[in-house]
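Multiple structures follow.
Paired with chain B in one complex and with chain C in the other, chain A is shared by the two complexes that follow.
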Partner chain A sequence: MSDFLQLVFQGLGIGAVYALVSLGFVLLIRAASVVNFGQGEFSMLGAYLLVVFFNILGINYYVSIVLSVVIMAGFGLIFAYTTYWPLRFRGGLPVIISTIGASIFLQNMVLWIYGPSSVQIDGLFDSDGIQVGEVFLASQYLAIIVLAALLVLMQYLIFEKTLLGKKLQATSQDKEMASLLGIPVVTMIMITFAYSSALGGFAGILVAPILFVSVNMAGIITLKAFAANIIGGYGSIPGAILGGLALGVAETLGAAYISVPYKDAFAFLMLLAFLMVRPQGLFGEKISEKA
Partner chain B sequence: MTAQQGPGANPWRGLPAAGLAIIVVLVGASFAPAQGYYLNILMQAATYAIGVLGLVVVLGYCGQISIAQAAFFGIGAYAVALGTVDFHVNFFVALLAGVVLSGICGLILGLGTLRLGGHYLGMITISFQQILTLVLTNWIDFTHGPDGVRNVLRPTLFGISLDGGNAYLGLIMAATVLVTLFVWRLKTSRLGRAMQAVRDNELAASTSGINVYGTKVVAFGISAVLGAIGGGLFAGGFRYISPDQFSFGDSIVMLTMALLGGVTSPFGALVGTVALVLLPEWLRFLKQVYLAVYGASVILIMVFLPDGLWGFIDIRMRKRVKPVTGDVAPLPLLAQKGEATDEPVLVVAGLAKHFGGLKAVDGVDVTVRRGTVHALIGPNGSGKTTFINVVTGLYEATGGKITFVGKDITTLAPHNRNRAGLARTYQNIRVFRGMTVLENVMIGAEREGNDVAKDPQAVVARALAALDFVEMRGDAHRLVGDLSYGHQRYVEIARALAASPHTLLLDEPAAGLNLTEKVELGNLLKRLKGHGLTIMIIDHDMNLVEQVADHITVLNFGKRIADGKPQDVLSHPDVIAAYLGEPRKNEAA
Partner chain C sequence: MLITRRSALLSAAATSTFAIVSGRARAADTMKIGVVSPLTGPVAEPGRIQLNSVRLAAEKINAAGGVLGQQVELIVEDDQSTNPGAVLAFSRLAERKEIVGFVGSIRSTQMNAMAPDMLKVGKPVMFGGTDPTLTKLGNPWLFRCRPNDSYSGRVIVSFITDSLKLKKVALVHSTDAFGTGGKNAILANLEKKGMQPVLVQGYTNNQPDFSPVVLAVKSSGADVIVSYFTNEPDCAVFARQLRQLGVRTPWVGSPSIQSPVTRGLAKNALYGTYAVADFVEDSNPTAKAFADTYRAKHKESPDSGWTYDALTILAKGINDAKSTEPEKIRAAILAIKKFAGTEGEYNFDQFGDGLHGYNVVINNNDKIDYKEHIEFTD
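Moving on to the complex of A and B:
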């Protein structure tokens, strides 16, 4: 039982990372109807930036994190201008293909610069963690869960309580109407790209001490974020969060009790199962196109 | 009737060229070096091309994004490798097994995801790709694991051993030619047109009698099968395979090949494949970043060369297309069913459509009688378009019953309602923009159950007749996307008419037309009228409605507020109030 709880705790930690990336993913779908296959690259780049600032340049760990996240927000804008902007009137498919292109490009540029070996990086805290009953709460996992919860709370407050949040919501619900009301839709979409990228980068930074930093982390994280999104319900914000957590727990348990080499397959099997049985996910929205 | 230049009419089309191409590649292959570097490059190009042709079908024709072509390629390759090495079966038997397995995987993935949006297939194929790589690497007892499979055997065909490099190269190049021919002819076949219609506009495809979901699944299945054929031949060519040859990266390479060449044409696939097989060889100095260059070029292609290298050539060829001339038979639909009887054709009883709390259509009864023009009018937001969408099956009814020609169609899929004889047009025109005017209308003519559907010649003739009726025959070979808005509207009407419908639903046909076009539309409707075709028209243009309507139903806030002869309905106080507002109490008094 204690093993089980221990695994659930770890699963929630990993799941919180998936949830954050998935959240960035969903926000882009809602704001710009962009299905971003490069979402995981945001996390990978965030983690590599931390490596550059902290491991290589020796800047203070927390300052490095702030710098990395800020740069990632800027990177989100560059990403938007190169990958989304020129194709924005051409429908969904060209943009999807373009984000796939961006993803390949980024992975291989990083591979070229840093090579294939993974980099180890320190966690947020020096202490290992705390023992609660029979469960050992490792500090990094604990930090991920707490910080993810705070971020989600902050996002909720911004979206529900501020004018900026209302504008962002209006943009995601009806761009034409929003623009008629004088909301600068383009700015809102760009803000969403920046935020999504920063969120992804931060998730990458959080998970870096656990997974190690490597080029391969990107693809896996993208796919898990998408899987989390489907499991939770396509385009649903609470769905993205709960789907991410569920996925993290499921794959941690699967790896422990069923098979380690096939750990990454569990997410995809879960994804397949949901698509076959309940495609609208846990918090599903009806999938239909307006005639 | 003169021989019409319609696509798909000649059953021998392309065969002489393909025969010639096979002779050329066989002779060419016999002169190729028997082994070594150049042979490998040729083999790689020929086998990859077959896989990329699969992408042309699923992505180019049908618009569904599959990112696992290397996985299907790998299934074919492993079937041939394990089959010939470990199970000692005949090469072609092993290849067939791979093709069947790949096809089954494709069908399962397709059946699960293609009912949903395009990105679902993209993600699910990536997932499939990753799972396959995990299995190939970790299931060492069966797949030999990361070491791969050595000494894959080459086949014997008609008693001739194809073990030599030249002979085997001849086999795979001939196969490439045949697959190219197949994919090229598929494009102008009924199935191929259905795929392109699905790609260009799913809703319009479904209401033109196309089973959208089924068509997508078939397209994806074909692409999986072609991937496996390419992979099986690849395994024989290189005689050694390992899991890393069929990774995600390789799927991306294939995707880039298809996009660079031009994903809507088989020739584009060939051009793109050859270019990207040769390019990394020429750009060896880029070896370390070549995948990054691929990634960047995917974006650049999407931005600057959306139709690929071949599309660039193709557009220039299209400009030389001649207008269609000659005589056509008149549109037969109009001659067949002569008189307007009073028999009800479309009976809608208590129809309701609620979106959450919004009752867009709320218990509406409408009876449309044969041969009449029935107008459905009402202020904006009164539920007219929702009504049509429920009647044609795009929305599921919340309540009520729809009977069409005596048959309950309330729960039928949109394409089956079209096949039952219900055709429609859309308020915001929905044509298949990537196809020619003629092809658009052929889609209508070849709907299942239409009298001409089985005969390609007759389909072309019917489509031309429909185009002639709307006076658009001269533009038959133009791309419909190049036409003006008003002309696209006529193409949409012709598409509906070519299906010989019992009933035609026109959703605001006058919307967005200028004055001249409105007059033309009025004339067109008058020409349609009185030949037995039943028409339901939604419009705001009261002038038009008064001119053509035999019967008017008025909706407001989702409810029927008036129904009857035009003069009675239009002078009905509720109708006037709905359009002009209620008179104030003190003014009324």
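Moving on to the complex of A and C:
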């Protein structure tokens, strides 16, 4: 039983990581109708910025986090101007390919600057974690679960309860109509890119102490986050969270009780099952609602 | 880090160009040895140390009078850290007829890729890849200067049973070619001793979470963990989760668990663990002297000495043969016995394997201490 609880905690922890990265996807899908395959590189860049500020320049850890996140927001704007802006009237596919290109470029740029070796970085807390009965709760996983919950709440409030959120949603649904209604469409899209990049960077900073900082740190996580996004419902915020957590717990339990080498396969089997049985995902909008 | 990497690349590129230019200027005066080395790409960093080491060997040989009265000159080609890059690099070297022998790659896959061309060229190639089959390809020109992987499994099992006196083995391995090869070697050697592991657990590379593996180890009742990790971050994540979940079982691993990168990532989670290692500074006087010279020149400690041994042995082979004829050099290298190298004592067998044992080291609070050397004669 204690093993089971331990596995569930680990599953929730890694699931919260998937959920956080998945949130970044959802944002751009909702506000700009862009599937950004550079989302994982946002996380990687955020983590490397923390390495630069904290490990190399020796700035206070929390100040380093704030600096990294702010710079990532600015980077989101540059990313939008170079990757999305020139192709904005060409439809979805050219932009997707452009984000894949950008992600390859970013990986190689970081590889050139920092080399291939992983870098260790401290977590948010000095303590490794706490022992509750037979179960060990790792502090960084606890922090990720709590912060992911807070970010989700914040994102939900912004999208559903503020005028800004409504404008962002209107921009996503119909740019021409939104623009006729006086919504500054360009500004809205730029805000979304900046926020999505900052969020991705923050997710990278949170997972860096667990996974270490390397060029490929976000690879498999980004894929699973995208799967979580589909399982939860394409473009749905609560779906991204629940999809991420479900994926994390399912693959951890599957690995422990069925087969470790097939751990990654469980995640994608789950994706396939959802695509076949419930393609709109857990919280997906029915197509008819949008038409 | 930025500066080191760039300057390393620049200096490597500059020196190799220089070698080629000066080589043409005085073609007849020098004994030319081709070197395939990763100057660019992901393994350029360890490649730099290997290149420095082979240059150090050339300097020492030249200071002692060279080979057959000629100074050794290295012709370096970049393998770009890839298999196609290695094939291209070797073919560039192969075109130069005046080259008498080669120093190949530490990567078994690159050696496999280059081996057909090496067979065609028909000149001795000293290499470091540890896939046991490389010397069994029927290619008479390959000479290995590191112990092959069949010995790492043998040494681990022998260390566990004879030195640690432990019996219940939990085996954790990557499911890739390296990890599976290691697993098979451990299982075969355990079986020879009439033992069965209590757990055999494979995992796929690049895992963010190892808790299912750790819990499996914990509940297996093992008294020793044996591991074959391919990627350093995987090893570090496993080590930390192992300690977090309270497992303190002795742990003997393949060489990657004592690499500086893994230790930097895992910190105290790896203290007290054992590893097999081919190059250990304190394992013999030759290694110690080499490391001291290297440090004096490059202000850092070398993590490998095989390229130094490779060139030294090739030069000895040519000198012993008193000829640059490939067949004679080959016979001379195969005749080398009880030769003290940095990686251990070389006793070439009929297949071209020079080394037949490994060192065991222990991580004492991040300091790698030499524990013992286990050598096999059969």
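Heads up, the rule we're going with is that the second predicted complex is superposed on the first by the 272 of 291 C-alpha atoms of A that agree within 3 Å, B and C clash if a C-alpha of one lies under 4 Å from a C-alpha of the other, contacts with A are read in each partner's own complex, and residues count from 1 in each chain.
Just so it is clear, a contact is a pair of C-beta atoms (placed from the backbone, for glycine too) under 8 Å apart; a residue touches a chain by one contact, two chains touch by 3 or more.
Bear in mind that the values here come from a model prediction, so they are computed numbers and not experimental data.
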Problem set entry | Residue contacts on chain A - larger count, chain B or chain C | B
Exercise. After superposition on the shared chain, which partner residues are touched by A:Ala227: those of chain B (first), chain C (second), both, or neither?
Worked result: first
Exercise. Once the shared chain is lined up, is A:Gly219 touching chain B (first), chain C (second), both, or neither of them?
Worked result: both
Exercise. Of the two partner chains, chain B (first) and chain C (second), which one does A:Pro116 touch, if any: first, second, both, or neither?
Worked result: second
For this session: Examine A:Arg90 and indicate which partner it touches, taking first as chain B and second as chain C; both and neither are also allowed.
Result: first
Exercise. Should A:Leu27 be classified as contacting the first partner (chain B), the second (chain C), both, or neither?
Worked result: neither
Exercise. Regarding the shared-chain residue A:Pro261, is it in contact with chain B (first), chain C (second), both, or neither?
Worked result: both
For this session: Go through the superposed model and pick first if A:Gly129 touches only chain B, second if only chain C, both, or neither.
Result: second
Seminar exercise, completed: So the chain A residues that chain B and chain C both touch are 111, 219-220, 261, 264
Exercise. Residues of chain C touching chain A in their complex?
Worked result: 1-2, 5, 42-45, 175, 201-204, 206-209, 211-213, 215-216, 219, 232-233, 236-237, 244-246, 261, 264-265, 267
For this session: Within their complex, state which residues of chain B touch chain A.
Result: 63, 65, 67, 112-113, 115-120, 122-124, 126-128, 130-131, 134, 138, 202-203, 248-249, 252, 255, 259, 288-289, 291-292, 294-299, 302-303, 306, 385, 389, 394-395, 426
Exercise. In the complex of these two chains, what residues of chain A are touching chain C?
Worked result: 3, 6-7, 10, 13-14, 17, 111, 113-120, 128-129, 136, 138, 207, 210-212, 214, 216, 219-221, 252, 255-256, 260-261, 263-264
For this session: Give every residue of chain A touching chain B within the complex, in rising order.
Result: 35, 37, 82-83, 86-87, 90, 92-94, 96-98, 100-109, 111-112, 219-220, 223, 226-227, 230, 234, 261-262, 264-265, 267-269, 271-272, 275-276, 279, 287-289, 291
